[in-house]
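For clarity, chains are labelled A, B, C and D in written order, and residue numbers in each chain start from 1.
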Amino acid sequence: MRARSIRGTGALAAVAALAVAASACSAPGESGGGSGGAKDSAVVGIAYEPESLSPLLGYGKDGNSKIFDGLLTHDADMSLRPALAKALPKVSDDGLTYTYQLREGVKFSDGKPFTAQDVVFTYETILDKKTNNASKGELDALKGVEAKGDDTVVFHLTYPYAPFAERTVLPIAPEHIAGKQDVNSGAFTTKPIGTGPYKLVKWSKGEKLTFTANPDYWGGAPKVKDLTMAIIEDDDIRATRLRAGDLDGAILPPNLAGTFAGDKDRTTYAATSFDYRVVTLPTHNKVAGDTAVRRALDVAVDRKAMVDSILEGAGKEAYGPVPTDSEWFTKGTERTHDLAKAKKILDDAGWKPGENGVRVKDGVKASFPLWYKSGDKLRQDHALAYASDAKKAGIEIKVQAGTWEVIEPRMKTDAVLAGGGAPADPDFDQYTLLTSELAGDGFNNMAWYDNPAVDKAIEAGRKTNDPAKRKAAYDTVQRELVKDPGYTFLTHIDHLYVVDTTFGDLTTQVEPHDHGLAAGPWWNIEDWQPKK
Amino acid sequence: MTFGKTAPAPGRIPWGPMARMTGRRALFAVPVLLVVTFGAFAIAAASPFDPVKAYAGTAGLTASQENLDQLRANLGVDQPLVSRWWQWLTHALSGDLGDSSVMRQPVTQVIGERLGWSVLLAAVAFVVAVLLGTALGVLAGRRTGGWCDRAISSLAYTLQAAPPFWLGLLAVWLFALKLGVLPAGGLTDTGSTEVTAGQVLSHLALPAAVLAASQLPWFVLYVRQGVADALDEDPVRGARARGLAPRTVLLGHALRSGMLPVLTLIGSRVPELITGALLVETVFSWPGIAAATVEAATAVDFPLLAALTALATVAVLLGNLIADLLYGLADPRVGFDG
Amino acid sequence: MTPPKHLTSESVSGAPVPDEPVSGAPVPDEPVLSVRDLSVRFRMRGQRYIAAVTGAHFDLAVGQCLALVGESGCGKSVLASALLGLLPGNAETAGSALLDGLDLLTADEATLARTVRGRRVGLVPQSPAAHLTPVRTVRSQLEETVRELTGTRKPAVRQAAEAAAERAAFPADHLDRYPHELSGGLAQRAATALALIGDAPLLLADEPTTGLDRDLVERTVDELKRHTGDHRALLMITHDLAAAERIADQVAVMYAGRIVELSSAEAFFGEPGPRHPYARGLLNALPEREFTPIPGMPPELGALPEGCAFAPRCAYTTSACAHIPPLNASVACHHPVLDAAPAAAAQEATRA
Amino acid sequence: MADLWRRGGAGAVRRSTRAWRVRTSAVIMAAVVLAVLLVPPLAQLDEQAVDLSAKLLPPSLAHPFGTDDVGRDLLLRCVYGLRVSLLVGLVAALVATVIGTAVGACAAASGGWVDRVVMRLVDIFASVPHLLLGIFIVAMFQPGVWPVVISVALTHWLSTARIVRAEVLSLRSRPYVDAAVSGGASRWRVTVRHLVPGVLPQAGLAAVLMVPHAIWHESALSFLGLGLPTHQASLGTLVQSARGSLLAGDWWPTLFPGLFIIVPTLAIAGLAGAWRERLNPRRRSELTL
């Protein structure tokens, strides 16, 4: 939506300039393509912008923040690799101590050296109650951080939390700057300094973030010198501006990405993801809380049609939070579309066809509302398709739109078309989505799902480092979800990015639901080798 | 009326009366703005809108109650309506219109950066609409009931019924997608580092054309009516009887009298122009103030919305003033008394 | 100023001689305008027609002034419009009006605009201020007319316009005023100045004295007469008999769209006086005469009575009046008033 | 008497195409009303029903307007959209007329400073662009059907108030009102019993003329994402949700809803124009839209 901003009196000056037919005036932004040689700048269009750029408030917590580095980072296969740490951590046998050796000679972009104290400061600040970090629960297992000299950091856990190393991708903030400011509102939240491959030049809120390469980056200076991330919420406008050559790359929904299919100058990348779309079936709704209804809906829904049409093939059918191609997926839990079976389940459970084909049981009509966030076309289309499928089985689902402010208070009884997904570890999704103690806790466990067997399995999975035991635990969860599907998982959606071919062949990571600044083909933009 | 008064010296602009009229209008604007801004606050107060949650954004959804309460106190939302309004007003007078939550900038900065582009778009569209509308209106009004009139009037009525956003979308489809001759939106190519007049002009063409098309019918129909009526009146009869060429009669007499009612109503077009700009800027992602208004509304950005509503009111009053001044200048029978 | 091309004796002599000279009026030697059977009707909704002028028939010679008199709504102004080709779109005409060999009724708009209006027929309109465009000064409209009618170019225009104003005795220091800022007399002079620019052989004055006070009326008509001189003809349409008496050479009386009497001014205002009962009634209504108005109201043109239109108001009505009387011997009446003798004689005569 | 008549006037002929226009408008409106009333119960089709296998089909015999990007028939969607938009427009126009009539009648009946203050407030209200005020109201009250109706109603009563006030003032000078007043009736009683019925035709005309405006506003708000939810068919949401398809080159989901706004608007304007001519024969030159 927001086009390039025009600073200060620039706009008025331009009016005047036009009036006298002058040729040019000050530029609206400093980004943009170089005029010759290898393209050393990139402008990419993204849909959301972060609320803050401070790692202490949650920015870049899943790694890859461009401005910062974590102790570890992910490679293209989502395997952990050392970053600010010299190597992967040494884990004690009881799984309660993680020891990291730090990389030497790393400097923040202001020239000050990076030390173990910065790591301790970062983690301790996040855990501080006064810090408004919404995801501090992810470090629940962490008891304390300890610096041993300038180059060693030791983490002590309260319980052996299996995926802990995955959490240490979070970016490290400089104590000498952030430590002197109010953590929640200081200048650091908008003008961050880090060790990462790029330095922030300017953040025009709601419009774009401009970065320039960090020439002293410990991993080598990036070839793409200038990086602009244009924040364009509206998909149509993003597509239009990409087509107009305004942007070098952009994330697009499937239907719009499809319009670039024949474009020789642009390549479409489909990043597989853990990003699922799901219908919550609230336990406290008389219809949606009924196991028979849940099971019927689970087989009545035509996931393949959704993938083929709504996602234009860019995605996979989803049967749980774990995508079917993940090593954590439990083979055999796929549900095929079977309308007859759905009807039989309902018939057997006593849901008899009533007026207008809507089933009734004990005077209760098989009908419930389904909310989606207004303006989200992908969710709207999923919701409408789901409702159409349900109708065929005799369940009436009334699709409603609203903002989160409207939807949130209704989540206890009304179904919601929700999304989520974190690829790093199965615990990340399943713990928040399915454990009964998180029922109704904000956007955690929105369906108030309550299954003791699942609770037990999740608890077991997160507290052991033994891969076999973990696999068994998550298999249990996925099998329980077949028996009592408190959510109808619909699809895992591929994230589609259309990028100018001059940047060569790019790669993508497996992406989470919440694709931040650094997801997409530009996850490793510091390593790009632009063509001439 | 100035009947009986001594005639003003020919060719001299009556600055004095014009300045006095401007002054009177400025005085009238004060209560209008007070009422409008107070109305905005009253609507906000009556609505379920919670400025605290709006300020906190999505973080507000998960923020603790304690946190929200603190924010509530900081924002002064606890105070009664009148004192909040008064506070806003006094701050506004000192140039502080608050911070826009959606743009994450001070409201004054948002306005400063975007107003110029909106004025450019609106002015170009308005001038095109006036010129083209006058030409078509004269063509149609010259011979009402003729095929030319019917074609032009039908087109005008149809254009008037067509929503500008729909016209805009079709224009994008045709000119940007099918023909590929004009850019579909924005102000400049993002790839370039300068705002060049050429780029702005090519990006301006479609939105200005669509905005002009949305304003055009009104001008066409009023000029047509004005010319047709004037053609039936004595001054034109007199001019024809004098043996003036038809073109002179049409342009020098019928049009000049016929344009008068149009002039008086030009001021009333400012709201319509703003309405059109709201839609056109959104369709073409023109970085103007109207597009910002829509964004502010979608995100319930009250400080920005309130300021922009007041700004729009000022624009309307200004439009009325300019129209009346023009009318006074164009028609010597009318003074500057209003 | 260049003299208009058409004012040559050749073209005037080329005009056809009227086929049926009207008796009772001084026969003009050089008819500038000859009107034959001119009728105008308006087409209304539903195939209805309103006859505004029916069978008008007269000649007008150089140096002559014809006063066309009648109450308002009798069709006088429609006749003037017809001569200028300024009738509204729903009007239909019949007959002819020859001016310099050109039939004004059949001429197309381009001919009328380019060669007739302003150039061969100069109009001094009714309510002259209203016939000027209100948003332009008198000077600008004078200069414009000078430019278009005489082809004078830039530097000379200003002077030519001032000369034109001068001719009509319009004061030069009022040239930069707007029409609404002029007094009635000055507006009249401005209109006259405009009408004279094209040096037209026929001046058409449509109610030139409406709204003026007595002194001004006299001055205005005197000026018109002066401008007519001996090289122009003046057709003055008026309801003001006193004004007509002052300058007219012939008088035509119109009632309900028809010319009911056409005679020399001498005979009309002096002895034997008007012969049509209506004309007589008009004259007698003047304050300096009997000061007795004609009873009743003139009929609406859309709802004319059968037969003689004046019959319902006429003291002499007989059964013959059920038929429309033709214009014989300059009067259209079945029982014209022959002299000032009692009407009874006339009545007797027609009954016989 | 001449028997050969010629067209005499060089001026324009104003041939009346009015009757033709009124007839066409009436036919279109009748079709619109019938479609809107009858199609939903007769169609027995769920306009929300998604058929993912039939997405974005161009216009054909089976789908005269084509289908949208989730395979819904656009003709059906347009009819439903028109139904919703028309309903919103009607209710909004009705509410606005009631407000306008009440305010106008009260101002005129009270006279004096009340009249002046009220009409001054009306002037001030009129200084805020309609759509902007609508946007403001909807933004504050969350998008939805009722906020849209309210915002359209609250921005459209001004002209009705002015018309009604003027009409009441002119009616008040009529003899029968004088008679009622001298008969001892109170000012309010006179207003309610004698004046309000007298202004109803004008108010009704204003209401009808307002319907296209209201539809227009609804569609504009919906298009901006501030009106009805996008899955609910209204003419505005249809254009809004067609945007993506249009950028992909599929023109029909955008074209037809727009025509559904234009055609009824013209038809209503045509009928209301005829009505206005009957009410105010002398003000023929006034424009109808």
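In this text, a contact is a pair of C-beta atoms (placed from the backbone, for glycine too) under 8 Å apart; a residue touches a chain by one contact, two chains touch by 3 or more.
Owing to the predicted nature of the structure, the values given are computational and were not obtained by experimental measurement.
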Q: Find me the chain with the mean Cα position closest to the mean of all the protein Cα atoms on display.
A: B
Q: Write down the chain pair with more C-beta contact pairs when A-D is set against B-D.
A: B-D
Q) Which one of the chains is farthest from chain D, going by Cα centres? A) C
Q.
Quick check: how many Å separate the C-alpha centres of chain A and chain D?
A. 46
Q | Between chain D and chain B, distance of the C-alpha-averaged centres to the nearest whole Å | A | 22
Q) At what distance in angstrom does the C-alpha mean of chain D lie from that of chain C? A) 53
**Q.** Computed distance of Cα centres, chain B from chain A, in Å
**A.** 42
Q | Residues of chain D whose C-beta touches two or more other chains | A | 11-14, 142, 225, 243, 247, 249
Q | Interface hub residues of chain C, defined as touching at least two other chains | A | 86, 88, 109
**Q.** Multi-chain contact residues (two or more partners), chain A
**A.** 240, 243, 375, 405
**Q.** Chains grouped in pairs wherever the two touch, ordered by label
**A.** A-B, A-D, B-C, B-D, C-D
Q.
Per the contact definition, I'd like the list of chain A residues that touch chain B in the complex.
A. 1-15, 17-18, 21-33, 43, 51, 132, 134, 205-206, 228, 230, 234, 237, 240-241, 243-248, 375, 404-405, 408, 442-443
Q. Which residues, counting only chain B, touch chain D once they are in their complex?
A. 31-32, 35-36, 40, 43-44, 47-49, 142-146, 150, 157-158, 160-163, 165-166, 169-170, 172-173, 177, 217, 221-222, 225, 228-229, 231-232, 270-272, 274-275, 278-279, 282, 293-294, 296-298, 300, 302, 305, 308-309, 312-313, 316-317
Q) Can you list the residues on chain B that touch chain C in the complex? A) 3, 7, 10, 232, 234-246, 248, 252-253, 256-257, 260, 330-333
Q. What part of chain C is in contact with chain B in the complex they form?
A. 84, 86, 88, 109, 113-114, 116-119, 123, 125, 127-128, 130-137, 141, 144-145, 148-149, 176-178, 180-181, 191, 194-195, 197-198
Q) Which residues of chain D touch chain C in the complex? A) 1-14, 16
